[in-house]
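Lettered A, B, C and D in written order, each chain numbered from 1.
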Amino acid sequence: MLPPGVFCAQDYERLAEERLSPAVFAHTAGGSGGEAALARNRSAFEAAVTTPRMLVDFDGANTRARVGGIDLSHPILLAPLAHQGLYHPRGELETAQAAAVVGAGLVCSTLSSNSLEDIAEAAGPARWFQLYLQPDWAVSLDLVRRAEAAGYQGLVLTVDAPVQTPSLRALRAGFTGEGSVAANLTAYPAPAPPPLASGESRVFGGPMRHAPRLSDIGRLKAETRLPLWIKGVLHPEDARQFLAAGADGLIVSNHGGRAFDGAPAALSALPAIREAVGDTVPVLMDGGVRSGRDVFTAIAHGADAVLVGRLQAYALAVAGALGVAHMIRLLREELELNMALAGCPDLAAIRRLGAAT
Amino acid sequence: MLPPGVFCAQDYERLAEERLSPAVFAHTAGGSGGEAALARNRSAFEAAVTTPRMLVDFDGANTRARVGGIDLSHPILLAPLAHQGLYHPRGELETAQAAAVVGAGLVCSTLSSNSLEDIAEAAGPARWFQLYLQPDWAVSLDLVRRAEAAGYQGLVLTVDAPVQTPSLRALRAGFTGEGSVAANLTAYPAPAPPPLASGESRVFGGPMRHAPRLSDIGRLKAETRLPLWIKGVLHPEDARQFLAAGADGLIVSNHGGRAFDGAPAALSALPAIREAVGDTVPVLMDGGVRSGRDVFTAIAHGADAVLVGRLQAYALAVAGALGVAHMIRLLREELELNMALAGCPDLAAIRRLGAAT
Amino acid sequence: MLPPGVFCAQDYERLAEERLSPAVFAHTAGGSGGEAALARNRSAFEAAVTTPRMLVDFDGANTRARVGGIDLSHPILLAPLAHQGLYHPRGELETAQAAAVVGAGLVCSTLSSNSLEDIAEAAGPARWFQLYLQPDWAVSLDLVRRAEAAGYQGLVLTVDAPVQTPSLRALRAGFTGEGSVAANLTAYPAPAPPPLASGESRVFGGPMRHAPRLSDIGRLKAETRLPLWIKGVLHPEDARQFLAAGADGLIVSNHGGRAFDGAPAALSALPAIREAVGDTVPVLMDGGVRSGRDVFTAIAHGADAVLVGRLQAYALAVAGALGVAHMIRLLREELELNMALAGCPDLAAIRRLGAAT
Amino acid sequence: MLPPGVFCAQDYERLAEERLSPAVFAHTAGGSGGEAALARNRSAFEAAVTTPRMLVDFDGANTRARVGGIDLSHPILLAPLAHQGLYHPRGELETAQAAAVVGAGLVCSTLSSNSLEDIAEAAGPARWFQLYLQPDWAVSLDLVRRAEAAGYQGLVLTVDAPVQTPSLRALRAGFTGEGSVAANLTAYPAPAPPPLASGESRVFGGPMRHAPRLSDIGRLKAETRLPLWIKGVLHPEDARQFLAAGADGLIVSNHGGRAFDGAPAALSALPAIREAVGDTVPVLMDGGVRSGRDVFTAIAHGADAVLVGRLQAYALAVAGALGVAHMIRLLREELELNMALAGCPDLAAIRRLGAAT
């Protein structure tokens, strides 16, 4: 049943805070370091102003988006959110079901609590698989093969989190991550931590030893015909380079404020990246989307579609598949309202209105 | 009787909050979405700075304004405020009486609690009729004919709210709008909600099907000799287009922060629109006016006059016609004080001082 | 006796709040309208940044200022503060005595609680008389003659407050001004309020009828050999005009946030005025000075000296002449510290450092 | 033992507040005047945004810094912090020991609670001696000779605090400094306070009489072969002058907000100074560094390394040498994380990323 008192998507945050343990809520809501990047994601949306047009013809108005060759009825996707078992016993299976019902694209995380195969079965056709490169290339490749076999439409290579940075808020709340199992990885041998020379950096000598690098784009492209998205792009020069190396699409993101704390808001980075890559390259964004107006704003700044992360966790925690579907539905209807009120009968009109008129 | 403790127009807000039900107050004070446009209306006024002149000659000083060919003793009009029965049993009849007494132009709402004919009788000659286009063109036309017959000086076509967006604040306070009757529309058959195809948008397939469009300007002008104002303009290109299509005057507004939440403050949009249309086209504004200094500031930014909405509701709720008249009187005297202190003996001098000196 | 716990000049504000009635404190601390100009005076000082120099030679370092041909040991003057009987039974006599002791220039208000003659007797030689033009020119002239006779060094014509605007804060606190007598004016017949035509503005038809105008500069200069300062200048074009009309010096001021509420901070207006009039015209400022760093900042922005108003009232209320002398002494020593730390051995060096380096 | 609950370097501040007396904590945390420069140091770091790069090769990644010809494994130094006996019975001996263990450069203060010789013995080789010029040149020279003899690698001449300004916060908390002995100076006769002429400034006629001046750079260089750093530079013109006069390196600083309160943030002053002096002159900075991200940001703004002051005091107060070592270790690991997440395998890459990308 839908809980009472949900008038907008963000109301799920308040309700989730009441239902989740303080540790899990802190882990979900928190960001890295001083949470500056986290805060910027929101303040950029709040500060965004768009001068609307009036008396526009709305015959045939729609929210249709095309994401990597797939037609979607609206531009709201579910971001790759790890360990959804934290929020619901059935985790990603609920999310996937919701995505199918409301026509939302789904990006399945490498670190999902259910296997990518089970998730694929519950999901609609618009699904992608998010890939964290594994220390062992053979494991990465096996994940790719499994994603192909399970009918995912593309790979989303996350590049902005080669090391995990703990949320201080989560640490203080006692979050340990205990009990979270990455179902996709249980079949593989656990990678041995690399031996550290005395005095060697735990960061540079540890996870960074196997961090993804530019050549991995070509290496992956050589192995699969699935389109390859790069997630975590903020610098326009990176955007150009990654496309030149073979990437098929970009996701502008600062990892929801959970990675480099000095980063700009994803929204702020978007216009320069759109300008760098031109109008036809698919560019998505995530980070800070909490309302249909935010979706509108992201598209005005150059995105083809957005992904929602935290809202997904909150709605899942509060009401499972029904909650997630409701949350997407609220976002979509708010988007439609904003389009109606700003004189934009489709996403192309929002784009033309632009980020600063 | 005038309540004690009213030293400035905005004091009526505090008193109204004490007298109105929380639901009606929330409905009145609130805005759409995250209330960003609502907040911008105020912060734009608060941030506005004008460098005053001193030792100016004040012989013949006055606050006279000319609005669409009508001479007014001051530039403060009453905005079209719907459902005034929420604030006073006699609703718009009180407001109209106050307007007549203090020489304030009155804009009667399509959604008034009293009929436009009754309001016209109570009002002074400076009255306009605000028109929401109805799904049935014949009904719209009948409203125009009635406004002509009742001696209104012009039509004010609202274009920025083709759909109503609920105020989250009002929803949370339990506001339902129940009991509000639009007296002007009771004579007409209730429009049938358009049938929605399965999965069709309630927004695009609903109210947007009959939303006003550019061609309606010419269509209206062909039917009436009343001057036609367009209310809800924010984009300079729209301003030019609407004039080209036949509009006689413009009202710069973001609907008091109750429509597109991503919109700029009305005050912020004003200078570019004044520049786009030149000095002679009548341009009014509303949104955020709470004091005589705000009236001064709006005129410095390019307005010929301002309309007040929320203050009208508050004063009406607190003290009926007497309250509204007192509120206008306070605004006018504050305006005069500001003119005296800034070296501006008339509105033209304020305009010359400009928005940023 | 000096009260304990005064570590800086602004500490007198806290202590004064404890000793004065809420109504008198509100009247003193408050500003006009929404107190925007009042707030700007402070925020402009707080935001001001100056890049200091180091390793500068301090031989012969001093704080000497030259104000209208008078040599002062430091650039801190006492602003014309009306009705000092509100703060101390002996009012301006205490202030004047303090000014003499610490070598601070004194500007006596037209609206002083003691007669200008008595104040002159208590004061040091560096004294000026602030003039509000009176409805009757003969009265104004008599005030000029008395100031000449009492040995004032110049006249300060206030031009930014042709009407008094009440402080809402003071009104709410019940301040009435009752009991304040303007000792300088008791000898003259009270001016009859001008008759208002029906519906005529109380502002334009009242005090503005006798408001000072540009021609009054020449008119005054024709009557007296005293140097004439204009107080309340904010616009560079006004500055040029007033000098051309015969003024000898300017005081940049927004009347301490007590007049036009839309005005810029006095500090913000200062650089453009200094640039407009050149380096040799005497330019003072007041509004927002609360510390020796503020004095430093004002000089860096182009002032030759500053005047302090509210601090004067607070110190007078707390400890009479001793308090005022102590407050000036604290400001001066803070100024010296700031000069020492910023590499400025005299005021000219501060000026060279500039407002934005 | 390390205290529980320290997840980041700044956690030591909270813990120190619990352990230190309010007076000592206020003295440590406070700044001069209105604490504007203190606040700017932090807000500049908080506002700094850097657009990161992704998919960068991290082979050979390291945090190595070269400071005045000395190779350090990381760019975090301990600032010259006076009177460390306030924080720990063994004071600087603990700090020096920590510095040696974690390879942090140490700058010993003239006003240390232990003698520079004892500190040198506890410290590692990367140590510098901070010099306050003494009223008697022979004393200054003796300090230089002692620093040479004790194996310090260079002199750090502090130029931004020729007079001490009290922290108002500390004064209000009752801080007197009583019991703080400057161990390095006890051997010398206490300088007689210079006689003040009547009415002479206690500032200009007191400490400023012996304040360091430009010629002291050459005078010191003539006496010692130790490299000479100038600490407290904010103006690019000063930077050029000091190098021309013989300085070997610069430390950009506003004395942690404890000197000129009108100063810009050290971080804000850094880019112009780096640009003025070119890429090869050693430039350090201090002021506001509280995290590894701040270290990253300072380097992106042009610093070769940073010094930490307050964090040093807090960690020392909480856990002695172990606390200081832990705090440095936390900063270093946060720096490494930020480098990993921003695509910067060494400090040169951070510099190339720049202050505003």
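In the analysis below, a contact is a pair of C-beta atoms (placed from the backbone, for glycine too) under 8 Å apart; a residue touches a chain by one contact, two chains touch by 3 or more.
In UniProt terms, the chains line up like this: A, B, C, D = Alpha-hydroxy acid oxidase.
None of these values were measured; they are calculated from a predicted model.
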Next on the checklist: Spelling it out: a chain qualifies if it touches chain A (Alpha-hydroxy acid oxidase) and also touches chain D (Alpha-hydroxy acid oxidase); which chains qualify?
Outcome noted: none
Checklist entry - Which chain's centre, taken as the mean of its Cα atoms, is farthest from the centre of chain B (Alpha-hydroxy acid oxidase)? => result D
Checklist entry - Same or different for chain A (Alpha-hydroxy acid oxidase) and chain B (Alpha-hydroxy acid oxidase), where same means more than half of the interface numbers show up on both copies? => result different
Checklist entry - Roughly how far is chain B (Alpha-hydroxy acid oxidase) from chain D (Alpha-hydroxy acid oxidase), going centre to centre by Cα mean, in whole Å? => result 59
Next on the checklist: Between chain C (Alpha-hydroxy acid oxidase) and chain D (Alpha-hydroxy acid oxidase), what distance separates the C-alpha centroids? Give it in angstrom.
Outcome noted: 42
Next on the checklist: Multi-chain contacts only, two chains or more: what residues does chain C (Alpha-hydroxy acid oxidase) have there?
Outcome noted: none
Item to check | Touching pairs - complete list by chain label | outcome: A-B, A-D, B-C, C-D
Item to check | chain D (Alpha-hydroxy acid oxidase) residues touching chain A (Alpha-hydroxy acid oxidase) - in the complex, by the definition given at the top | outcome: 5, 7-8, 46, 48-58, 61-63, 73, 291, 293, 296-297, 333-334, 336-342, 345, 357
Item to check | Interface residues, chain C (Alpha-hydroxy acid oxidase) side, partner chain B (Alpha-hydroxy acid oxidase) - complex | outcome: 33-34, 36, 40, 159-163, 165-166, 168, 171-172, 199, 201-204, 207-209, 211-214, 216-217, 230, 232-235, 237-238, 241-242, 259-264, 269
